[in-house]
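For reference, the structure is listed below as structure tokens.
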Amino acid sequence: GSGSGGGDAGGGSGGGTENAKVAFLMPDLASTRYELQDKPLFEAKMKQLCPTCEVIYQNADSDAAKQQQQVNSALAQGVKAIVIDPVDSAAAATFVKSAQSQQVPIIAYDRPIPATPADYYISFDNEKIGQMIAQSLVDHLKKENAEGGILQVNGSPTDAAAGLIKKGIHSAVDPSGFKLLAEYDTPDWQPEKAQTWVSGQITQFKDQIVGVVAANDGTGGGSIAAFKAAGVKVPPVTGNDAEIAAAQRIIAGDQYNTISKPIKIVAEAAANTAWEFMQGKKPAGKATLYDTPSELFVPTVVTKENIKEVLFDSGIMKAADVCSGEYAKGCEELGIK
Amino acid sequence: MSTLTTDRQDERLQNRDGLRGVLADVLERARGGDLGVIPVVVGLVVIWTVLQILNPIFLSSANLVNLTLESAAVGIIALGIVCVLLVGEIDLSVGSVSGLSGAVLAVLFVGQGLPVWLAIAASVIMGAVVGWLYGQLFNRFGVPSFVITLAGLLAFLGLQLYVLGTKGSINLPFDSGLVNFAQLDFVPAWLSYTFAVVAAAWLFASGYLHARERRRAGLSAKGVPMLAARSVALLAVLAFVVWYLGQTRGVGWMFVFFVALVLVMHYLLSRTKWGRSVYAVGGNVEAARRAGINVRAVYTSVFVLCSTFAAVGGILAAARLAAANQSSGAGDVNLNAIAAAVIGGTSLFGGRGTAFGALLGIIVIQSISSGLTLLNLDSSIRFVVTGAVLLLAVVVDSVSRRSRTSHGRA
Amino acid sequence: MSTLTTDRQDERLQNRDGLRGVLADVLERARGGDLGVIPVVVGLVVIWTVLQILNPIFLSSANLVNLTLESAAVGIIALGIVCVLLVGEIDLSVGSVSGLSGAVLAVLFVGQGLPVWLAIAASVIMGAVVGWLYGQLFNRFGVPSFVITLAGLLAFLGLQLYVLGTKGSINLPFDSGLVNFAQLDFVPAWLSYTFAVVAAAWLFASGYLHARERRRAGLSAKGVPMLAARSVALLAVLAFVVWYLGQTRGVGWMFVFFVALVLVMHYLLSRTKWGRSVYAVGGNVEAARRAGINVRAVYTSVFVLCSTFAAVGGILAAARLAAANQSSGAGDVNLNAIAAAVIGGTSLFGGRGTAFGALLGIIVIQSISSGLTLLNLDSSIRFVVTGAVLLLAVVVDSVSRRSRTSHGRA
Amino acid sequence: MTVLSLRGISKTFGAVAALTDIELDVAAGQVVAVVGDNGAGKSTLVKILSGVHPPDAGTITFGGNAVEIPTPAAAHRLGIATVFQDLALCENLNVIQNLFLGQEIRPLRLNDVAMETRSWELLRQLSAKIPSVRVPVAALSGGQRQTVAIARSLLGDPKVIILDEPTAALGVAQTAEVLNLVERLRENGLGVIMISHNMADVKAVADTVAVLRLGRNNGVFDVDQVSTEDIIAAITGATDNAVSRRVQKGARS
Amino acid sequence: MTVLSLRGISKTFGAVAALTDIELDVAAGQVVAVVGDNGAGKSTLVKILSGVHPPDAGTITFGGNAVEIPTPAAAHRLGIATVFQDLALCENLNVIQNLFLGQEIRPLRLNDVAMETRSWELLRQLSAKIPSVRVPVAALSGGQRQTVAIARSLLGDPKVIILDEPTAALGVAQTAEVLNLVERLRENGLGVIMISHNMADVKAVADTVAVLRLGRNNGVFDVDQVSTEDIIAAITGATDNAVSRRVQKGARS
């Protein structure tokens, strides 16, 4: 099978880059960033590079089979390049095969595709993210001379990215000297589940809990709600993704940290690379990972100390969105306007 | 024979009176598999024992307080599901509707700054409208409710994402009354005890009045000792529960609210014309239609109730989490709510079930989930064990019921 | 009167013969709401038209080839669901079982290095054993299948995670026959056309023989022109499909395999004693029991079939993705499979449905999903539109069916 | 005075013409027996009158006005009470609940005691042998169920009562009571349509006999002026039929 | 020669004693009529004999051997065929499918043609007025369904046939055919148990009459030596009953 699918379809199959299509395929809705940040940023940059090009955006809703359908449908529409954040890094190998068999370049975004080299890889490293949030928490606890143990709230047991984050967290927590009291894989990343679990652990371990490493902001929020609902003091809780709700909790002092990924930079880099591929060039990577030319970016841990610089001064968030109602006072104290 | 009441004159009836008669009756019904909720309660006791042995925290007062609070939101949704199942239909969209309702609440309350009661009202009305829509589609086009509500599941999930919009997740302020209600408001001890006493007294009084009325009409009735024994038993159980939960935080208002809803639904289902018609439609819709019942109105009413309860459940879930987000209502909310109803004895084929079933069912489900949460297992093992324990709970129930067919009751 | 065949002698019957009679018959049946699969087909055509207008790629050969391949795995699962629904039960665990089956395959084949056929056999047997287990639990303890399979859903999800272990995801080698079968193996054009011709010829021949037998027995039968017209129509449709798909990659072997399974199941359900007893149990289990049917064996057989098909579907899904991972079979596999069966006209209450329903239903569902994939929508909008389109498809079906009640057919 | 009158009623089910051009008149205080072979269309006629099926053609006049009866509720409102051949009971509900279905006493706080008392009254009146009224109808015998269905039709305040084979499953005593009941209904000025296969019962209580045959009218007879043999001949469409042959055989042996 | 004999059969449903200490004997070539009031326990007895319900106590002897009949399949194997009062048909299946349910011709490739031909034969024999055998049973009239149920019991090669009110819904012609059929069955040496509320039919075909009253034996009579009045008295438990009063009233008027 080598026939290009969209051959008989009007729009995007001409030889040139006029009206060319590019697919931007994201993995899930568990984190809000894909729809709210990656997609608009990528589209904006693409528009700037090629005003007539069309971006085909799809979200696979955590389902590798659905993502396969989306890849095939993109190919059938005759895209010139695919940027993909795979749901399942292993399964994505087959997408690389089908894309490359139709001479469509494929760029791995955010998560790598180890088994079959893609044409390019642009990311931050999920394992590193896990390690960074956990380390930041551990450092904080050590500074405070806290004594006791840590709870670990992981992501969905059926999500490969969650597995990477979990590994990263362990790499920081295990040697830290703090006892890992218990850990939990949160089905579907559901905050309610995290809340239920943490509530149970509070009755079990009472005041032994000095910190909670949560794998994203949602589960972090659930953990915090559990402490609040139990009527006990909220220990430092981590997060990941830098959602607005998390920023608010950090400002209010409920959440200890989150992590901000330079999504703007990454998304724009992806657009640039895709555009080069679409023009028939072969961009060289700044590094090589998994046999793939790669470009890696480093995220920043956000705490109360640096939230103003990282999130607001850089323009990632607007004070108006965050500093509403009860958070106005906190913002004022931190000088966020 | 002349001393026998009107309803006891058939000589084939084995009449039994007094406490011993009651016992014989229970035995007889046990043989016939007609024990009502007793088997579910037995299943629950088995599970509690097992979980307590595995982790002694499980039956601690603090954990049981958590359990009650965690049951409320999904329990209320299950209450709606019971109604829909009673007419032999299903609603797969309760999860989405509850998520959407939480999102609407958060957007109106936090985003638009409306007063909380207005935001709550809007969410609840949204739920009712959804149910009304289902009713219309069902009645006008005769589309199976499975498909309608599957479409609703998708559509309202989309709407939820849309309403949350660019924020994705919205915090509810921790100091708002709503969040307090769901997290921190507990009934003062004296009031809890008062509730217990009132409940027992009411049970006795209503039973007594009813028995008197029956006796006046020449029908058999329960004797005063029986009635008194029953109320004292209830009082003892309630008082014990209040006391034990009171060892830590006590009885949460949210749980009281849930139980109150169960009682109201129990009344509506068993003591009103509407309730009768719900059971009739579930038992034999054509017979109900021929009896002159407005079958369409009954369907619409249960769909509206179900979606409304889903919306209420969604509000409470958001309040308990102090946030509404994209995954609220997703995951296993649907399955848990339906399973709670089914475990509580509601038939998927309609015509059989009670409001109390939802209460018991959700407590079984939450017990399993809470008990296993305490065990710190690998998630793979946890899933397996959850499945096994769930099955265990229901096997106990079913085994005691199963002699039923051999006794000719369907 | 003496010229009338045995089955046409009642004077209340309006007998119609020839092509015009067939037309009148179809009209009559349309009024009575008894059109079989025609409404679903109409719904499908409506959806296809709408989607094609929205994006002209939709009906392109390449996209339809994708559609066929994507339908196979879940379609096979839906085929099993049809069987379970026919007896009035349900299986919520097909997703987990398919995921587990893919995982077992991958671990045995890639991890342990077993030959692929052995790995496949092991997975399929695993599926059959699961079904047998369900059957035992159902028959022995009378637990509702909803609860048994809900427990199964959890337990086998756990087992799947356990089997995959720390790896989480296992690639199947691209050059293995299995992956080729699911991704790259297409039927050569000449063979496809041969299939089409054979099918049409077989339809004619079997119809002709049957008609001859009926006429010999003094019963009414379809005339040769009717039979010929029917086969020619089939030939035309099949040839067109083969030709159009042949514009790009052609007809995938996996799809042929799916269609073959549908045909086999159709035969089993409609032409064997076992099939009869399945419908009988679904229609009235007590009547079936009194007719001497081994009801327990029937239940066990459908549960086994369903889980086995789920396992086969899981293998194909893994092969198509060339990987088995933790989320295989999760998500909406369950709902899609059940919805496909229901959309294809299978009743959730048992006793009504066909194997072809699963084929049509899954094509409706995959068309919607594939069509919307082409539309480049926000996820929120996509969910809403999916729900709306799904509803549309089924409303068309239901509206044409609904005159049925007013005509007295239940 | 004619309360109910049908003209040109037809009904087809798929390819089967169940009723063709039926006429029927019922006066107040009159008992009309509708007889006919199995599948003659008697129950279909009943269902049309009670709003279960809409007719394909024809007009219904009730109390002098042309009416439509689109739903059973509409029939109830007109004052038509029906005992269906298939009884139409809810098996999951108990006897009291079935009796009062749709016409419960005190809708917002059901008056169980009043309903139970009234149920016993009604059932006693019909000599019912039901041990307990608090068991689901699923647990009743065939005759007990039929008694419940008959009792139910007496609850409202109907003008016309339609009984579709009301005594088919009843014992001898209950049958006698139902015939008594029919006579009482006539005396109270109700119109009664009774369907029956039992010629003795028909001759005992009916005023006129309408015969249906294969979905068509096949004669209306005044009960006093027609012999059982003639009715049977009209039903079967021949004077030489299985019944007459059996009678002859019985006479010979 | 006694084929079937019951001793001390009892059955309770919850608080209701449906059968107490029942005895019954059926010989080959004998027609035993079981009569009794509504709810007397006749159908319960039938269900015990056909394996639907297990008895609580008592023994069943079949062909000289003590047997247990735990399931309907066991009853079929013994050679007991039953027409149930509630017919036990599958409404979603058509007439042919119902007739041959559980005994299809050519199990692995159903022989539709043979089954359809045989169905028409059986139905004609019973004078059934069924327009088409390819419609679901849900679309049949009450009498048509009952004919189907009766036809079904003739399909196997039974030794004992139990008919629970087989003519309740049948027209006059069909009733006559069923009575003929019962006589043919007797001539072929089968044991027949027939339950009926129609004393004329009982007197016409039965050899002995067993009366049940409130779940207990209330006499077994030789049909030639008992009057209809005596049977009715045994059924109702009194000589002064609704039936006799109606008869008297009829005589007076």
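A, B, C, D and E are the chain letters, set down in written order, and residue numbers restart from 1 in every chain.
Note that a residue touches a chain if its C-beta (ideal position, glycine included) is under 8 Å from a C-beta of that chain, and two chains touch if they have at least 3 such contacts.
Just so it is clear, the structure is predicted and the values come from calculations on it, not from any experiment.
J.: Return the chains common to the contact lists of chain B and chain D.
T.: C, E
J.: Report the inter-centroid distance (CA atoms only) between chain C and chain E in whole Å.
T.: Here chain C and chain E have centroids separated by 43 Å.
J.: Indicate the whole-number Å distance between the mean C-alpha point of chain A and the mean C-alpha point of chain D.
T.: 73
J.: I'd like the Å distance between the centres of chain A and chain C, where a centre is the mean of that chain's Cα atoms.
T.: Chain centroid spacing, chain A to chain C, equals 38 Å.
J.: Could you check chain C for residues that touch two or more other chains and list them?
T.: Each of 10, 12-13, 157, 161, 286, 378-379, 382, 408, 410 in chain C touches at least two other chains.
J.: Listing for chain E: what residues touch at least two other chains?
T.: Where chain E meets two or more other chains at a single residue, that happens at 13-16, 52, 129-132, 139, 214.
J.: What parts of chain A, by residue number, touch at least two of the other chains?
T.: Expected reply: 29, 35, 157.
J.: Could you list each pair of chains that touch, in label order?
T.: By the stated definition, chains touch in these pairs: A-B, A-C, B-C, B-D, B-E, C-D, C-E, D-E.
J.: Spell out the residues on chain B that touch chain D in their complex, using ranges where they run on.
T.: 6-7, 10, 12-13, 210, 213-214, 217-219, 271-274, 276-277, 279-280, 282-284, 286-294, 351-352, 408-410
J.: Residue numbers of chain B touching chain C in their complex, please.
T.: That would be residues 88, 90, 92, 137, 141-144, 146-148, 150-162, 286, 335, 338-339, 342-343, 348-349, 378-388, 390-391, 394-395, 398-399, 401-402, 405, 410 of chain B.
J.: If we count contacts the way the header does, which residues on chain B are in touch with chain E in the complex?
T.: Result: residues 10-16, 25, 28-29, 32, 34, 406-408 of chain B touch chain E.
J.: Using the touch definition from the top, list the residues of chain B that touch chain A in their complex.
T.: Its residues touching chain A are 55, 57, 60, 62-63, 66, 69-70, 110, 113, 161, 166-171, 173-175, 182-184, 249, 317, 320-323, 325-328, 330-332, 369-370, 373-374, 376, 379-380.
J.: State the interface residues of chain E toward chain B in the complex, per the touch definition above.
T.: On the chain E side, the touching residues are 12-18, 47, 52-54, 214-215.
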